[in-house]
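The structure under discussion appears below in the form of C-alpha cells.
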C-alpha cells in the first residue's frame, strides 16, 4: 500500500490535523481512516456508535487483539503557527487524536506486512467522542462486541509531553475516573430586602460548596486519591433580587470503584441535606453526565507489554509514569468485554524542549495536551507510535501454527 | 400593723437581703413573707407549687387583682460591701427579688389600710424560681387558679438601674421569650489519623453553628427581633481522637409566638439536616428546657395603669423603655388565666450615679441586675415600689358600692 | 389655569402614564411638567442634574418649602389592560411616579390659587432617576441649592397599595437605606483535577456568603433592622475548570447611619479575611454603587404635618405604617440642605380590593408597586395626592403679614 | 553470660512487663537494661536525655551501627490476664517497648558472642519517652552524638500484630509525621441575648473547623496523604452566655516535609484569617507541641537490610507493609546524625489468631498496640526480634581485616 508508506503517513497525519472535527462530528476523519484501512484490505464497517469505524483482519486461529484510536478534536483556536495548522476556526487537534489515528493506520499496514509472523484476528477501532467520554459507551451500546466479536485484550496509547521516542507506563490505575454532575438547587425567589419570604438558593449553594470539602477531607481514606471540584456556580441576576435557583457544576476524580461510589453518594447526600437545612420547597436535581471509569492498565498485561517495548526500544526509552489526573474512556471497552485493557503513553516533544522546560519552568511549562500550542513532532513520534502498537499487538497475537 | 410601718419595712428588706435563697429553696423567704401577710390579716397559703405563697384579702364584690413578687436569689458572690450584705456564701439577691417581696408586703399593708376606698379581692402571690423560669409554671400546675380563683388582671414589677423614683414601661412586648435547648450530635469516634472510619461530630457541630446563623439573617423578618446563641460547644478530649458526640447548648430569644415557633422549628430542621449531611449514625437529640414566653404587657392595661402612675408620681417620673432582652415568667400567670398582664420597671439607683455612668461609660457601666455589686437604694426605692403596686392595684379594683 | 382643573389633571396623568421613560431619559415627562408649571406662572428651569426641573413661586417673606416629585418609570412590560396603558414596549409607570408628577402640578395650581393665604417661597422639584437612586444626588451636585436657594423643609409623598383616600405615615426611619456592592474575588485558576495548583475562588466565594450571615445574626443589634443579600454569585464556566475569579453582587439594607457603617465595614472585613483564609494571590475588589441613605421622616416635622392631614382628611383616614424595606433617595435633598425631610404615603386602591386581598391572600397579594398590574385609581388618588401636598405645604409656609 | 541465655531473656522480658513506667519515668527499666548491658561488658552510660541509656562495644575499625529500643509504657489498665501482668495500676506495656528492650539486650549478647565475625562499633541506645515523641529529641539535645560519636546508620524495630515470626517493612515513608497544636481563639464575651456587644468565639471556632477542611480537600496534592483533625473543641459554659474564648486541639498527619510545611502554614493562615473575619479583639494563640517527623526508612538501606532478612528468615517470612498512620520519633536520631534510618516491624501474634481475625472481623479486630489486651507471644517473638537486630547489625558492620 504505497499510500501508507511512512513518508505518506506523515501527510495523512497532517491532513487530519488540518481538518479537526468536534466530538460526534468526526465524519471526515472517520471516512479518511476507513478509506485507508479498506485500501489495505481490512474489512471495514463505519457508523458504529455514531461515527465509529471497525476494521477487521482475520489471520487464522488465535487471539483477537483490539487496537483503539480516538478521533475527535477540541473547541480550541490553534496557535501553533504550523504550516499544517487547523483550517477550522475554533477547532484544533490539541490532544493528539490525529496522531492516534495516523499511528493506527500505520500499524495496520505494518501488521499486514508481516502477517506471516502472527495468527489471530486484528480488530482496529476508531472511536468518536473521547473528549466527552461518550464514544466508547456509544460503540458498545451499538453492539460492537456482538457484531464484531469480543477481543482478548484491548490496547491503546496516548501521545503526551514526554520526549519523542520515549514510552511511559503505569501498572494498575493510570488515569482517573471522572464523573460530572450538574446540580440544580431550588429555593424561592423574592426581593432582596425581604429574605423571610424566600428560601435563599445562594446561601444554600454556598453551604453545599463548603460542606462538600468534607468528603475528601474526612470521608475518603487519606491514602486514597480523590478530588471534588465545583467548577461553576451560577445563581441570580442582580444584587437585590433573591433568585429561584442556583446551579452547580461539579466534577469528581477517583481511582477506585469503591471511592467513586463513596464520593458519588456523599455528594448526593450532602446536597440533599443542605437543601433540607434550607427548607427548600423542592428537591435538588442531579444531572450526572460525562462519566469515565478509572483507567486501569491491567498489571500483568502491562508488565508483559512493557517487556516487549523494552526489547524493541531499549530500557532507556521506557519509563514508569505517575498516575495522571486526566481521564480516558478506553477502559469502557475492556470492562464491557470483560478483558484486560493495556494503555501507555508516548512522547512527542523535542528532548531539548523538555530539558529546558524542566530547568526553567518545571514540566508545567511544557506545551501540553489541550494547549493551543500543543504540537508533537511528526517524527519520530509517528514512527514510535506505529512501532509501539505493532510490538504490543504482536505480543498478544498468536504464532502461526 | 406596726411591724410593717415603713421604717420596719426597710428592716424586713435588709433581712431578706442577708438571707438569699436559690431557686426552689426559698423556704425562709416564703416563711417571712407568709408570716408578715398573715399578721396583716390576709388569708395565707404556703407550699403552692413548691415554696410559693398565696395571700387573699376579700373585700366585697368587685374584680380580683393579682399582685406578684418573685423570691429567689442567684448563685453570685456578693461584692457590694453593704452592712446588710449576704450571709450566704456564693448566693446573693443580685436581681432585686428581695425588694419585690418587701414591696409586696408593704403594698399589702397600704391596701389594707385604705380598704374602704376599694372593693373586690386582692390576690398576692410570692413566686419561687423565677430565675430558672420554673416557678410560675409550677404554681399554675399546682392548681393556683382552681384553688384560689382566677384574677381579672395580673400586675408585677421589677427593680432596675433607672434612677430611684422613676417608673419605666413598655406597651406590648417588654421582655423576650427565651428557650434553651441542649443538642447532642451523634457521630462515630475513632483515631484522629483515620477519619474515614468515623463520622466526625466536631465538623458536624461546626456546620450546625455556621448554618444556624441563617435563621436570624434570612428567615426571621428583618424588622422582628430574634437571637440564636450557641453559648456552649463541647466535643472531644484530645487532638488525635475523634469523639463520638458533640454537645451544643443553644439559647433563643424572640418577641412573638410566631417568631418563636419559626426559630424553634428552624433550629431543629437545621440540626437534623446537618446530621444527615454528615451521615450521622443516629439522630440528634434535643433537650428543650428553661422556657419563658415573651412578656407582653397588655397595651390597653398598661396605658390605663401608666396614666395612674403619671397621676401619682408626675409625668416627669414615668418614661417609656425599650424592649428588654432579658426574660420573665410572670406572663405565664396571665396566659394561664386568660387575662391581661401589666408589668413595669422602677428605678433603684442614685440619680447622680446614672448621670455619671451615662456621661462616662454609657449605661452599660451601671451596676445592673445580676451584677455582684447590684445594690438598689433602700429609699426611695422601697416607697416607690410600694406606691406603684398600691396605685396600680387601685386602678383595677372596684369602687365600694 | 383651566388646563389644570381637576378633570384635566386626570388627562395630564393619563398622558404621562402612556409615555413612561426610563431613569435619566425623562425628557418628555420633564418637558410636560415644565410646560404646565410655566403656564401657571412658576419660574421654571429645566436640565438640572440631567432632566430635572425646578419651579419657583416667590410669594413674599417667609419660609421656603420644597415639594418633590420623581419622574422615572421602570423596565417592566405593562399588563394592566388600562385604556391608557403604556405605549412604550417594555417600559411602564409601575411605581406611580406619573401620579407623583401630576399631583405636584395639581398642587402647584392649588397653592397658586390661594396664594393670598400664605407667604414664603414654593420650590417645586421634578427629579429624574429615583429608581437608580441617582437623581437626587445629581440635582444636588448640579448646584440645586446654590442656584435656587435652600428650603426650610423638604416634602414628598409616594402612592402605595393603601385604600385610595388613606394617608400612611411613619416618624423617624420610614424607608431603608440601601447600598450595593460588586465584589470580585481573585483566585488562581487551573484544571479541576489539580486543585493544589490553584486558589479556588468558588470555595472562597462560598465561604464569604456563609460568613456574611453572621453580620445580621451576631453583629447588628437584635432590635435593629438590617438585611445583607447576596443576590448574584457567578463563578466559572465548566465543572472541571477551576476559574480565576468569582463575582458576588451584594445588597444591604439598613435603617440608621450607625448600622449602615457597621454593615458596610463588616462586609469588607469578612470578604478580605476570607480571601486571606484562601491565600488569595490578589486582594478582592469592591465596587460600591447604587446607594441611598435611610429615609428619615423628621419626627417633629412629621407629627406637625400629620396633625394637618388629620384636620383635612379626618383621623380615620390617617394611619401609622410600619417601616418599608424599599428605598428612596428624597432624603438626599434634606441631608444636603441640612433641613428636615417629611415623607408620607397615600393609597391608590379600591377599598374592597384591599379588604378582599387581606381576607383571601394577605396584603402580599395586592397589586403592589413594581408589579406589571399596578394601577392606582385615578380618583380619588389624584385629588388626595394634590390635597396632601397642598395642606402639607401650607403647614410649613408662613402667614401673610 | 548465663543471665542472658534465651530462657532467661524471657524472664527479663516478663519482669519489664510487670513493671511498666510512664514516659520520662523509666528509671527501673533503664537500670535493668544498663545492668544487663554492663554485665555483658558493654561500656554503659545512663541518664542521657533523662533516663536514656547508651552502651558501646568497640570492636576494631569499621562502621558504627546504632541499635535503638524505646522503654516507656502507657497509661492503660492492663486486661490481658497474663501471669506476668502489670503490677502498676493504670500503667501497661501496651505498645511492646518491653519487648524492644529485651530484644536489644538479647542482640547485644548475640553480637558479643560472634564478635570475631565483624568489625566496627556497636552503639546501643535505650530511649525514654517515645510515646510523647520527646525522648529522641532529648537524647540528641543532651549531646548523644557529640559524647558517643555519630553512627553510620540507625536501626530500629517495632513489634506489631503480624503473625509471630514475620517481618514487615516499607521503603521510604513508613509512619506519618505528626504535629499537634492547641489554638486559643479570643472573642469578647457577653450575655447571650446581646451578641452585638460581643465577638462570638463559638462562631469563630465553627468557621475555623469548617474552613480547615479545605486544606486536605484543595491545598494538599490529591495523591499526597494528609489528615487534619480537630479532636477537641471546647467553648463556653452555658447556653445564654457568650464566652470569651474557644479552644481547639488540632492534630495533623503528613508524609513529606513539604506537605507538613504546607499544612502547618495553612492551619495558621486560616485560623488567623477567621479571627480577622470575626473582628477578634486579640490574635489567636498557637501552642504547637508533640511533633514527630515522618519516619522514612531509607530506601537503599531498607532494601539491603531486607535482603539479609530474607536470607535469614526465608522469603515467605518477609512482607511489604502499607504506610502506617501512627508516628515514631526514631527518625529524629538519623536526621540529627545526618545518616539513614532503617526501621521494620515484626509480628507477635499466633498465626491462627491473625487468620481468624481476618476471617471474622478484619484486622481491626486484632489485639493491636495500645489495646489493653495487647499481648505478644513471648516466643517466637523474642527470638525473632533478637535475630532481626542481629542480622541487621551484621549487614551494616564491617568485616574483620
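The letters A, B, C and D name the chains in turn, as written, and every chain counts its residues from 1.
The rule is short, and it goes like this: a residue touches a chain if its C-beta (ideal position, glycine included) is under 8 Å from a C-beta of that chain, and two chains touch if they have at least 3 such contacts.
Remember, it's a predicted structure, so these values are computed and weren't measured experimentally.
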Longest centre-to-centre distance from subunit C, chain (CA-based): D
Chain pair with the higher count of C-beta pairs in contact (C-D, B-D): B-D
Chain centre separation in whole Å, for subunit D relative to subunit A (CA means): 44
Averaged-CA centre spacing for the pair subunit D and subunit B, given as whole angstrom: 57
Where subunit C and subunit D are represented by their mean Cα positions, the distance between them in whole Å: 70
Residues within subunit B bordering two or more other chains: 193-195, 200, 203, 207, 210, 213-214, 217-218, 222, 227, 253, 325
Of all residues in subunit D, those that touch subunit C in their complex: 193-196, 198, 200, 203, 207, 210-211, 214, 217-222, 266, 269-270, 272-274, 276-279
Residues of subunit B touching subunit D in the complex: 176, 178, 180-182, 191-195, 200, 202-203, 205-210, 213, 227, 229-243, 246, 249-251, 253, 290, 325-326, 364
Residues of subunit D that touch subunit A when the two form their complex: 210, 212-218, 222-223, 225-228, 253, 322-323, 325
